[in-house]
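Lettered A, B, C and D in written order, each chain numbered from 1.
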Amino acid sequence: MDWLVHTEAVTQKGQISLPYRWWVGETGSRFLTALRDEGKILGNRCPSCATVYVPPRKNCGACFREIDDWLELGDEGVVTSHTVIRFPFDLHPAPVPFAYALIRLDGADTAILHVIKENLNSLRNGARVKAVFAEQRCGNILDIEFFRLI
Amino acid sequence: MEKIAIVGLAQTKFERRKPDKTYYDLVYEVTRDALEDSGLTLADIDNVITVSNDFLDGRTISSMAVGEAAGGHDKNISTVEGDGTFGAFYGAIRVLGGFRSTLVVAHSKGSEGNVSYISNALFDPIYQRPLGIESLASAALQANSYMEKFGLSEIDFAKFSVKNHGNAWNNPYAQIPLTITVQDVLSSPKLADPIKLLDCSPISDGAAAIIIADEKTAMKSAKKPVWIRGIGHCCEEYFLGDRDLADPRALRSAAKKAFEMAGISNPSREIRVAEVYDAFSYMEPLWLEGLGFCKPGGGPELLDCGVISRGGTLPVNPSGGVLSAHAVLVAGLVRLIEAALQLRGEAQGRQVEDVHRALAHGINGPCGQSHCVWVLESD
Amino acid sequence: MNGRELIYEAVSRSLVDCELTIEDIDAIVIGNMDHFESINSADTWSVEGSGGVMKPIMKINTGGTTGTSVAIAAYYHVASGIFDRVLAIGWEKNSESDTTGAIITCSDPIWDRFSYSGAIPSLATEAIGYLKRSGATQEDAARVAVRDRTHALNNPYAHLRKPITVQDVMESPMLAYPIKLLDVCPRSDGACAVVFASEEAARRITAKPAWVTACSVRHSLSWFGDFDFDAGLLSLARASREAYEKAGIKSPPDEIDVAELYLPYSYAGLKWIEDLGFCPQNKAPEFVWSGATDMGGRIPINPSGGVISTNCIGATALLRVAEAAIQVMGRGGERQVPDVVNSLATGFGGCFWSDVFLMSSCMP
Amino acid sequence: MKPSDKQAELLAITFERAMPYEWSVGKYGSRFFQEIREHHRFVGIRCPRCHKVYAPPRRLCGPCFAEMTELVTLSDTGVLKAFTVVNYPFLDPNSGKNRPIPYTYGYIQLDGADSIFSHIVNEIDTSKMRVGMKVKAVFRNNADMKGNVEDIKYFDLVDP
């Protein structure tokens, strides 16, 4: 059709801009308040499979049972996987290059995702790292500012 | 399982940006073309599954924009939010459950949203999303785990990018056929170690549709029916740190179900061609392992010894794979379409010889948390 | 409680209810609205709470009808013969965003989003059309809201459990003529889980399951501007006729013993029951005032309190199915209607879309 | 450690970043905006089967599943089919801020069209509005036009 040829297709810019507020729940709130108030990292253990979870869970996904066996974990652990990030993205928690790592804290069976900002050249799986707590803590996962290679 | 078949299919050319096409246009075009391909009319179609995602489309109830374009007026219609292989799964079980024929149509336009923001929303809002993680960084963690577990190298992965981009030259629908070397991949810009630019699939716009029908309807369609012999899907744990990222156990479970249903005991021997969801170069070998085509860590060897190359005994992604065109959600449906084209003998330049059984595979969630496996056969 | 924990609560209660464990579940279907919580892919995100670890799970999303779409998907999972026991889950945490702002994102970004202000203006237009055609009054609609809110007193799971009067409704703030605050649904947090089973599996679970006799869907419109506000709700009329035919129901008000309807606002409780064939055109006010739709009436509607008492959007339509199933199974406690053989549930959403789900104590 | 007593303090995590999009309008919608810009008029499209005219134009007639190509030139006027004065506060996802209220949301049948077009009516006094009133589009100055639906500023009520 003639008019289709003679019509320039336009685009329209826009956004979805809404504030979200995710409830953390009792289990997560206990974890995050301990992080914030005491600088302690808590985990919990499934009564059935004995997996120690961090962050702690209300229930074990695999066993489908509620968990209420709490323990304090170390603030050190081992890198089980890592990547050095070199592309920019405005939600990144640090300028590039920085690394994401999965870190298995001492006493835990699962690994926690976090950030490593220094000595990236020495970063390898198996490396030991220690949590660096933020000075101003407000009850979220960035109350651990990053992990530092030991 | 009763006999059901793929009787119609269509896909668009995949491009970085289709500025003149709306979702509605894309869905209409592949719906029209799939009907034409099948020789059926809309009256033969008694139900519709659309596949879309509200984040990708920037619209709540994204299905609302396309129901009419998918021929859904006055029909039983539903929407799967996930990869097209999952949408097709629902389409197939609707035929098994009593419908005559399901039109399944998927669309996405990676050009319209911000892929990083959208994939950041896949992650846990309390513990992960504030860290800025998204699909590329999480994939890099998986690639790193996989390399370290089996002593693989970036070269091993780069070879898959070389193979699939080369295969894409034979596929007129592919977005980026490339003649590249392993060195080109290795020296492409580093994004998230060990992933470099040429290890990544592109951002794409496009759509695809298939028609799944019962035996009676299949017999009156224009094309050779492609019989669905086995289907299975499975999802593993959500948190990356709860998973062994180098062990695709959900895929193993999905494949087991599909193979059992299809009566397959030795997939390497019994399947002639496979189309798998290689969003990054490391994924193809990892998924081949999960599908039981090799021992753990053996994926790169399959390529080195020629098994999965175009002339091999089990060519994988002769279409060029997701690495050569990645319209999210659509890409899994395209794997099904490409497998079906192989079985029909209509794959033109990318046709593999003597195909009687083919496999297609799609994924959902971060790092292939959820997998869907299909076994298709010709008569 | 976070979203996953909310889902866990519903799923674990549903398993206790049918004396199964998560190992007995073969597949899961889940649904909600992405931008209400900003969770992308709730299927993979939810597995810890939904029980989906190492199981097949898929996500369905069709807007307000999501819950019935999820139920229908779970039904087809079982009907396919591939799965014996399938969990259907609907959930929403409306408290996690601005509900009206999130609903606005369902409008077309090119044509409608700049002026759209949520569902109320279009529902108000529909209500005006109905009032004009039928001669119904605002008080007639208020009577519907009073019924549902009164029924909610019998339902320990309902969100709003404070009784109201017609006068309360009439005196509540006008949102958009003729819709007032107490004519519309609240915003709620909640989840619902329903177990679907094959014939053999169902018989092992309970002596009295709710057999699915029909499900029908009409999501025909893609554009807000195509809806005829002055006509009936065509999608519901067509879906219900198809479902009645499948289930062999010839006279709905005589053969259906109880209905759980997705009535997001009170006027729907007049107009839409005519489209369902519960009473003749324009006779809904008379029918409702007669007490026919109250507990103890000819065809009680919304013994649960309905959507006007509880609205966690992704769960809302599944709750209709669950409540209608409870009635067939005779497990409604205080809200039980006696001797239910056939029950009907509906879903509403999108662009004036409707789903109809019929169940029976007699196997089809 | 001791099991959880009632966790006294319940936390929430907030997120307020906008998700950016750039949507294609498509040829059919673009033509509508082009006609506004070039001729200050509307355009619709006719179904070859049922002859219904849709405005704004779109590619398909849903009930007929027929592709439409016959453009129909319309004027800049229509009839008010319904209206609502929006007076409740809410967040506008386009801006992330509360949308200014009150404003009147109107369902307008453009003269010559069978479908309904929603837009803003330039009146908030309900005593001055009634269904069936004639309305006329007020367009932006050409220099300010952006090729979107806000190139129509609003519809004015036309005195009978």
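To be clear about the criterion, a residue touches a chain if its C-beta (ideal position, glycine included) is under 8 Å from a C-beta of that chain, and two chains touch if they have at least 3 such contacts.
Keep in mind it's a predicted model, so treat the numbers as computed, not measured.
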Which of A-C and C-D has more C-beta contact pairs: C-D
Most widely separated chain from subunit D, with each centre as the mean of CA atoms: A
Inter-centroid spacing, subunit D versus subunit C (mean Cα positions, whole Å): 29
Length of the line joining the C-alpha centres of subunit B and subunit D, rounded to whole Å: 36
Chain centre separation in whole Å, for subunit C relative to subunit B (CA means): 34
In subunit C, residues with contacts to at least two other chains: 2, 35, 37-38, 47-48, 53-54, 98, 101-102, 105, 109-110, 113, 220-223
Residues of subunit D whose C-beta touches two or more other chains: 13, 15, 17, 19-27, 29-30, 58, 62-63, 91, 93-94, 148
Junction residues of subunit A, two or more chains touched: 9, 11-12, 14, 16, 18-28, 61-62, 91, 140
Touch-based graph of the chains, sorted into line, ring, star, complete or other: complete
Contact footprint of subunit B on subunit C as seen in their complex: 2, 33-41, 43-48, 52-63, 69, 72-73, 75-82, 102-103, 105-106, 108-109, 216-223, 238, 349-351
Parts of subunit D lying in touch with subunit A, wherever the complex brings them together: 1-4, 6-7, 9-27, 30-31, 33-34, 69, 71, 91, 93-96, 147-148
Residue numbers on subunit B that touch subunit C, as the complex places them: 1-2, 24, 53-55, 58-69, 72-82, 86, 89-90, 92-94, 96-98, 118-119, 121-122, 124-126, 231-239, 249-250, 253-254, 364-366, 369-370
List of subunit B residues in touch with subunit D within their complex: 18-22, 24-25, 28, 42, 55, 58, 68-69, 71, 73-74, 109, 111-114, 117-118, 121, 125-126, 129-130
Interfacial residue positions of subunit A with respect to subunit C in the complex: 12, 14, 16, 18-28, 57-62, 64
